[in-house]
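Shared chain: chain A. Partners: chain B in the first complex, chain C in the second.
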Partner chain A sequence: MIQIAHGIVGRSDLPIPEWLFGWAAAVVLVVSFVALAVLWPEPKLSRASFRPMPGLSRVLHSRPVDLLCGLLGVFLLAVTVYSGFEGSQTSTANFAPTFVYVIFWLGLVGLSVLFGNVFKAFNPWRACGRAVSWIARTAARAPMPAPLSYPERLGHWPAAAGIFLFAALELAVSDGDAPRTVAIAALVYSVAQFVGMALYGVEEWTERGDGFSVYFALFARISPWSTRDGVVGLRVPLASLADFRPLAGTVPLLAVMIGSVTFDGAAEAPIWTGIAPDISDFFQTLGLSPEKALELTFLIGLVAAIAVVYGFYMLGVRGAQSVGGGFTARDLSRAFVASLVPIAFAYVAAHYFTLLLYDGQLMVGLSNPPFGPVASNPLGEAGTDIFGTVDRSIDYGVIGATSAWYWMVGFVVVGHVAALTLAHDKALTIYSDVKLAVRSQYWMLAVMVGFTSLALWLLSQANQ
Partner chain B sequence: MFLLAHAGHWLVNVAYFVPVLGFLGWLGWVEIRGRREKRAERREAAAE
Partner chain C sequence: MSKAGRWGLIALAVVVAVAAFLIARPGDDDGDSGNQAASTATSPTATAPSAPKPPPDGPTATVIELKDHEPAGGIKDVKVEKGGPVRIVVRSDVADDIHIHGYDIEKSVAPGKPARFQFDATIEGVLEIESHEAEHAGKDALIARLVVEPS
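Now for the complex of A and B:
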């Protein structure tokens, strides 16, 4: 089922072996690197002009649109919690797991890259926080006391922790896709966000501490749509990433984003399926139940994958540092961290592209109140078919296995070339000597080739 | 023996990472050559 969902079966008609795609991708990266070194002698992305669109901005930021989007976000959160507790407890027959793991977690990544930071408008926690803040201000008939100032050292650490916990729920917890678990997780996350907003202010917390806000906002920086001084406008794609100012915890956050996808792919690989039972057996000898032992094993695997991604990036940074220029490893790790964002997108897009296309179709049937097919819904008679779609099944013919493979390779190559371009542009900004900037990028090129090879190997593993 | 018998399986996996290994090898060679050149420059400067 997973293999079909990932659409990686039956690629027997590929003209060359799958591993040769990895070699071809590496050649594309090296050629791109040479082209950048020759044709891109000064920073361009951070200097890219911004074309404001005041008319569109007025509409998008108008009170009715703002209110409508916020209400829709809160409604979808409420439906997720309601269907998680009250609907069928079969994951595929319930609105909550498919909505959270497919539409929200994957679909919004694509929307963010295409249309900018759309999640900000629909963010249910931000909408609730702003509503409570408005009510409190109105009731008190005076400005509310200023919240605590957000500590510098906290940076993106709460966001990294939030995304890590979400990934652990999806990949390590045995009933992580159970509707009730998803509903409880949504409530726990909501409480954490409300506490954060109460302490540090709605906007401050949303921009730094809310894992999903930070996650989607990072992907939105790939998009040509951006906002400057409250006005929506257009820039060259990636330009907003060139301006990105990392905080404490940004590098670990990106490592979590890439590492969690890496582990999801590697968990299907024989190398992991061979070793995982042995680790699980070891924990059982320590007294853990088989279920808990397996959960702990997968948690260790997830942490290991994140550590490998972090370590590989830091290896590239250390290499770039050895070239000279007087930078510390911390300076360089933060300077180049934005180049990991297109890589994170490439990983998500390539790995989950077919899952979104296939499982996303489930939403057509699950959208009927009470958000689960009538036949398998314990509410039975309460079930409806108002959209006439309750019997709709997944059409696996929407994309063929070979086409899906080419799309996935395309995502990987384009994402890594974008990352290389960003890193090159940033190097030209921070190094005073162009030659030194290019030499520092030998190491970033090694990182990109490494992540490309890893991505394609992971994609191939689902076919073992 | 076991490794050889299953070489067909793991060699395919290794094949994915040949570009990375090749690239890291090249980087190592560039690094060593750079250090040799610096040492030679220092020796020449000392001789002068």
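Now for the complex of A and C:
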């Protein structure tokens, strides 16, 4: 069996037991048929009212808060790069890998779903971009328009590419969790963002081209928090997703989001651990080193998983197109793409929430400057323990395997219901005829049941 | 369909789901599902009936033989129930350091001097057991996995 560093502390979840798998699958089917029975005839989500909260909004958007959040973001990016290069090169003893792969990549997903688009405030690249443009504006005493307008064709493609590269680094590169690699990746990503902002403007690029911004903003649309005309307010959860306007590349982006988690799940399952050595051996016979052969094998697995997810969704779209209504496959694929967002969330939550709960605890000890336990840090002499937490180890008692199973299945089932709700609501908006809308939803229902069953199956196959 | 009819359907679905859950759920020590008598003897998640469980307090230890940092016979799972004793002996033809993740226990092994691990399984999940020398050599470090299932 081959294993590429998975997680950071070398612990993974037990597969969900067969009876729970069967029960959850049954619930998904029952829920789906109930959904068909209670289908509401008028779109509701996109008409959901917005309750502005001007007081809260003034505080959140005030200059000191804005400045402080931006500075904190830049500080954390700087610490990541600094400790990646200068700290211990043992992944678990360095701030960078745990911060990037656990706190940032997973923790922010949870925060976005609960509290809305928090990353926008802390985004270090946006903060730098705004600072630079403020200085340039002040120096030139004139507004500074971006040299180029963001091309429509580009859409979410740069974001999809960014998330794909990040997933490849995490799942296919053999030393992707090495502190130095993480630091280099952070620098490369930063440079790409600055180039994008310089060409197309800070906000224009951040909203469309910056993979992480787009990724967290999509999950934030699940939350009840949204912003309208610059004012923060509350809406029914999912309502912001019903209003989401997809761009070119949004569907591939969602395929990357779901496909990469699918691959990470499948990589622990017999289906992958059985064939990966054969593929890897084949590349070795072509003259690749064992390490490179393994990386290429995992990269192929990742691309294949994304392609399967994309293909399956497009199949459902073709089906929905066949019921009539005069839409192109492209129109329909974009119309229903927002309903994949709760599914993507369910995948991430079910697959990674124990990792966040356990590995996230490492952060407590790693936060002591110079951001790693003294004992294993080459900067040991300079090491501090200002928080008194340097020797804190992971408490595995925070959640047991059985409760973890219920949470995983809960995430998947709730994600399924949210996806069905969004798809049905969207169908009512775009089809003039309620009958066509309902018929298109048989296909979407099949797609959702497919994705949900896949998620459950992956949970039942993990580490077998 | 009338509104009452729809809510009726939903209620029915919930009842069916709860009933299915109670029937499908294997009995646990609370015994609230009434069928624990039939299933106390077997673990619901046991997927390898061929692997006999060591007696709870018996001296049986799982032996892992390493040849040049690689496990003879491939990577095996050491399965235990939570709370039970874990006994693993690692023999190696070359000097090595063996690390059990999660529990974070590390012991040295040398030819003729096996590493003996003995502790109680307190952490559930799949924990990697690795050879540090293989890791330093850039090879696959995994030598076995400790699988701790809920009791």
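Everything below uses one rule, namely that the second predicted complex is superposed on the first by the 424 of 464 C-alpha atoms of A that agree within 3 Å, B and C clash if a C-alpha of one lies under 4 Å from a C-alpha of the other, contacts with A are read in each partner's own complex, and residues count from 1 in each chain.
The rule is simple: a contact is a pair of C-beta atoms (placed from the backbone, for glycine too) under 8 Å apart; a residue touches a chain by one contact, two chains touch by 3 or more.
Worth saying up front: this structure is predicted, and the values here are computed from it rather than measured.
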Greater chain A contact set [chain C / chain B]: C
Touching partner for A:F115 - first (chain B), second (chain C), both, neither: neither
Touching partner for A:S322 - first (chain B), second (chain C), both, neither: first
First (chain B), second (chain C), both or neither touched by A:L456: first
Which superposed partner A:A37 touches (first chain B, second chain C, both, neither): second
Partner chain in contact with A:A26 - chain B first, chain C second, else both or neither: both
Which of chain B and chain C A:Y406 touches, first, second, both or neither: neither
Contacts of A:S393 with chain B and chain C, given as first, second, both or neither: second
Common interface residues of chain A - those touching chain B in one complex and chain C in the other: 17, 19, 22-23, 26
Residues of chain A touching chain C in the complex: 1-3, 9-15, 17-20, 22-23, 26-27, 30-31, 33-34, 37-38, 290-291, 354, 393-394, 396, 400-402, 463-464
Residues of chain B defined as touching chain A within the complex: 9, 12-13, 15-20, 23-24, 27, 30-31
In the complex with chain A, residue positions of chain C that touch it: 1, 6, 9-10, 13, 16-17, 20-21, 24-26, 44-45, 47, 74-75, 82, 101-102, 104, 122-128, 130, 138-140, 142, 145, 147-150
Complex interface listing, chain A residues touching chain B: 17, 19, 22-23, 26, 270-271, 319, 322, 442-443, 445-446, 449-450, 452-454, 456-457, 460
